[in-house]
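Both of the next two complexes hold chain A, though its partner changes from chain B to chain C.
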Partner chain A sequence: MSATLRVLQKDLLIEWRSRSRTVALLSFAYTILLIFAFAVGPDSAALKLHAGAYLWLGLLLSSTLLLDRTMRIEFEAGAMEKLMLVPVPATGIFYGKAVANLIQLCIVGAFSVPLVFIVCDATMVEPFGWLAATVFLGAAGLAAPGTMYSAMIARLSGKQLLLPLMLFPLVVPVIVAAVKATSLTMLGDPMNQIGSWLTLLACFNLVYWSLCGVLFGRVVEA
Partner chain B sequence: MRAMDTLVQASNLGRRFGRRWAVARLDLSIQRGERLLIIGPNGCGKTTLLRVMSTLLSPHQGSIEWFGGKHGTRENIGMMGHDPGIYEDLSAADNLHVFAKLSGAGTEEISGLLSTVGLDERTDPVARYSAGMRRRLALALLLQKQPQLALLDEPFAQMDPGGIAQVSSAIQALPGAVVIASHQVQHAAPLCTRAILMDQGQIRWTGPATSAESAWHALHEERGEL
Partner chain C sequence: MKAKWELGVGLFGLLLLIWSHYTGLFVAPPEAMMGDVGRILYAHVPTAWVGLLTYLVAFIAAVGAIWTGRWAWDAMVEASVEVGLLLNVLLLVQGSLWAKPTWGVYWTWDPRLTTCAIMVVAFGVVLTLRRQIDDPMRRLTLSSVATIIAFVNVPIVYLSVKWWRTLHQPYSSPDTVDGSMVTPLRVAAFGMLFLATGFVVRRWRQVNTRLAIEVQAPDLPEEPKPLHVEESK
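After this line comes the complex of A and B, so read on.
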């Protein structure tokens, strides 16, 4: 646990020192959301109906930039080898980095939600807590496998192309569940389905976070 | 020689990349407090040998034992490789703070370490440093760790004369055994007691570090490169 916290502190310090890149990440997410809104046009009903999907596509595409960077800082100057020789346990490295990515994805989500409400003319029908839980669980479902895959491909050429190719198929269930839950919070949930979708998201997270934590050591040692 | 004085014992060691053996059938032992110089032409296996000794690469042949087979190998090994192993967005002091916290070490010595390697006045991110300054920061990280076994790959690369002098005195301050792989024999040999000459993944010559340069010349002459 202490190794996880120390890696988390390190990653957050690096992100704080290079916060211009965080601003660039937010700008990228905003640009994607605006492009979706402009592409659909002034059809308010269609925008409102698909607001959840736009939010999660924006988050998914932004996550590739974030996740690519998370391992680049470890491998570009050999810092990962230094971490292994400290030695920091591989599980500590994984969970520290994955939590740092989760926090940053939640920040991107928190800044993206108001824009989605504005450009899609969306409203909250269900309590806001459901949407916050969806953003958190959906971001967690992207952060764990994304951290794992970015480590797997960090030393390969063409990694910026490989990451989405490998990550996107794996997180399809997460995106589907997150879009459903988000849409229900915005459009209303007469059948009380939000809880089921969030449970599904929690189950995916349980599998991803435990499996990736176990496999990460093999990946970095290889 | 007592077994506990042997820090590294490699027997019939081999490591290949694809079909090419970078290190092959190599026997080597390193004693506590020893200063070993590894020389040899490009591609002779120096870096691979250092990386196997650092535990970052596993051998494909033979065996290697650290510290008499005791546990806790990695915490007693320090490596200064081709890559400095630093975070580019952080300053030199930040890097030392980060690794001190990760290893649970104190942070009191950081300013002293920075002045030892001549980086005490730099507060900007490492991304703005020259290659030589990055290597000096890597050496500061090694000094911070105080390993029983320090492995240095080309520590004088990209250094100006002032940097070479600082690095030399910093290497002398390292407490444990030191293994230096370097082409710059004139700078590295005075810091070492024993030298090995590698060629094609094997040890071709072993002797005192003072004779390393002549062995190096002899290999060049044999290859018709002089």
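After this line comes the complex of A and C, so read on.
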């Protein structure tokens, strides 16, 4: 547990020291949202209807920039080998890094949500807590497999292409559930479906976080 | 020379498929609602069953490869993912052919169809990953991990008709069709199973041989020739 916290602290400190990267990430998310808004055009009804989808597509595309870097910084200067030699358990490294990515994705989400409300003229029909829970669970669903795949491809050629190619099909169920839950909070949920979509997200997270935690050690040893 | 029993199994499967499709097309009654279009059942349902089963074999092989580090398991991961992918693509093609006269479109964003299409990419990536890695041991580990994670999709595909409101029919089984359709469906399922087994084992042998050559110790360098110094006149 302490190893996880140390790795988490280290990763957040690295990000804090290179704040320009975080600003670039937020700018990227902002640009994506604007592009979607421009692509749809001035049809405010369509923008409002699909606001949840734009939010999650923006988050998904931004996540590739974040996740690509998370393991590259460890492998570039041989830091991963030193971490393993300390020794820090592989599960500690994985959970530390995955939680750091989760926190950063939540920050991107917290930045993007107000933008979606402004750009798409979205409204909140259901309590805000549902949206916050959706962003948290959806970001967690991207962070765990993203961290894992980032470690798998960090030393391969063509990794910029491989990460989205591997990650996107895997997280489609997460995106489907997150978009559904977000749209329901924004447009209203007369059939009380938000809870079931969030349960589905929680189940995916349980599978990904436990499976990736178990397999991560093998991946970094390879 | 090793007995290539898989050739016999594959041919037997092919014979069963020929018989079952003949019976399905010309002997069994047309489906009550869809008419003759429903006869694709005898090809589509066995493809789906055996495709998912092949992915299950890939998953088990991936766990075995990570657990033991043996090349035989690694070869099985490659062989079964390849055949599973082939069946998966066939499944989508058959489904689209059936969807046009039934739903009016070749493709719709239905959960079952979408999750099946995702499965093609998820397992296709495993093969892409294998081509990207030169070190055999690293390839074994990383592609096995990718296979295990991709397998998370398989139960989602299976349960998609239950979880989401979908155009696709619920689970098909011999219990859900008329008695006169059960025999050709069962025989077609076994035919597809034997044919796929033949393909998987054949590919497994080929990949195994390739891996054995890849990981064998390099030949010793030739003994250097004695130095020959020409005497100066």
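One rule holds for everything that comes next: the second predicted complex is superposed on the first by the 222 of 222 C-alpha atoms of A that agree within 3 Å, B and C clash if a C-alpha of one lies under 4 Å from a C-alpha of the other, contacts with A are read in each partner's own complex, and residues count from 1 in each chain.
Criterion: a residue touches a chain if its C-beta (ideal position, glycine included) is under 8 Å from a C-beta of that chain, and two chains touch if they have at least 3 such contacts.
Since we're looking at a predicted model, the values are computed, not measured.
Novice: Looking at A:156, would you say it contacts chain B, chain C, both, or neither? Reply first, second, both or neither.
Specialist: Second partner only, chain C.
Novice: Once the structures are superposed on A, label A:145 by its partner contacts, choosing first (chain B), second (chain C), both or neither.
Specialist: Touch status of A:145: second partner only.
Novice: Contact-wise, after the overlay, does A:24 reach chain B, chain C, both or neither (first, second, both, neither)?
Specialist: neither
Novice: Touching A:13 in the superposition: chain B (first), chain C (second), both, neither?
Specialist: first
Novice: Based on the superposed arrangement, let me know which partner A:125 touches: chain B (first), chain C (second), both, or neither?
Specialist: A:125: touches no partner chain.
Novice: With the two structures laid over each other on chain A, which partner does A:110 touch: chain B (first), chain C (second), both, or neither?
Specialist: So A:110 meets neither chain B nor chain C here.
Novice: Which chain A residues contact chain B in one complex and chain C in the other?
Specialist: No residue of chain A touches both chain B and chain C.
Novice: If we count contacts the way the header does, which residues on chain A are in touch with chain B in the complex?
Specialist: 3, 6-7, 9-10, 13-14, 17-18, 73, 76-79, 81-88
Novice: Contact residues on chain C for chain A in the complex?
Specialist: Residue list for chain C touching chain A: 66, 114-115, 118-119, 121-122, 125, 128-129, 132-133, 137-138, 141-142, 145-146, 148-150, 152-153, 156, 163.
Novice: Considering the complex alone, what residue numbers of chain B touch chain A?
Specialist: 54-56, 74-75, 77-79, 81-90, 94, 98-99, 101-103, 125, 134, 141
Novice: Mind listing the chain A positions that touch chain C in their complex?
Specialist: Listed in rising order, the residues of chain A that touch chain C are 145, 148, 152-153, 156-158, 162, 165-166, 168-170, 172-173, 200, 207-208, 211-212, 215, 218-219, 221-222.
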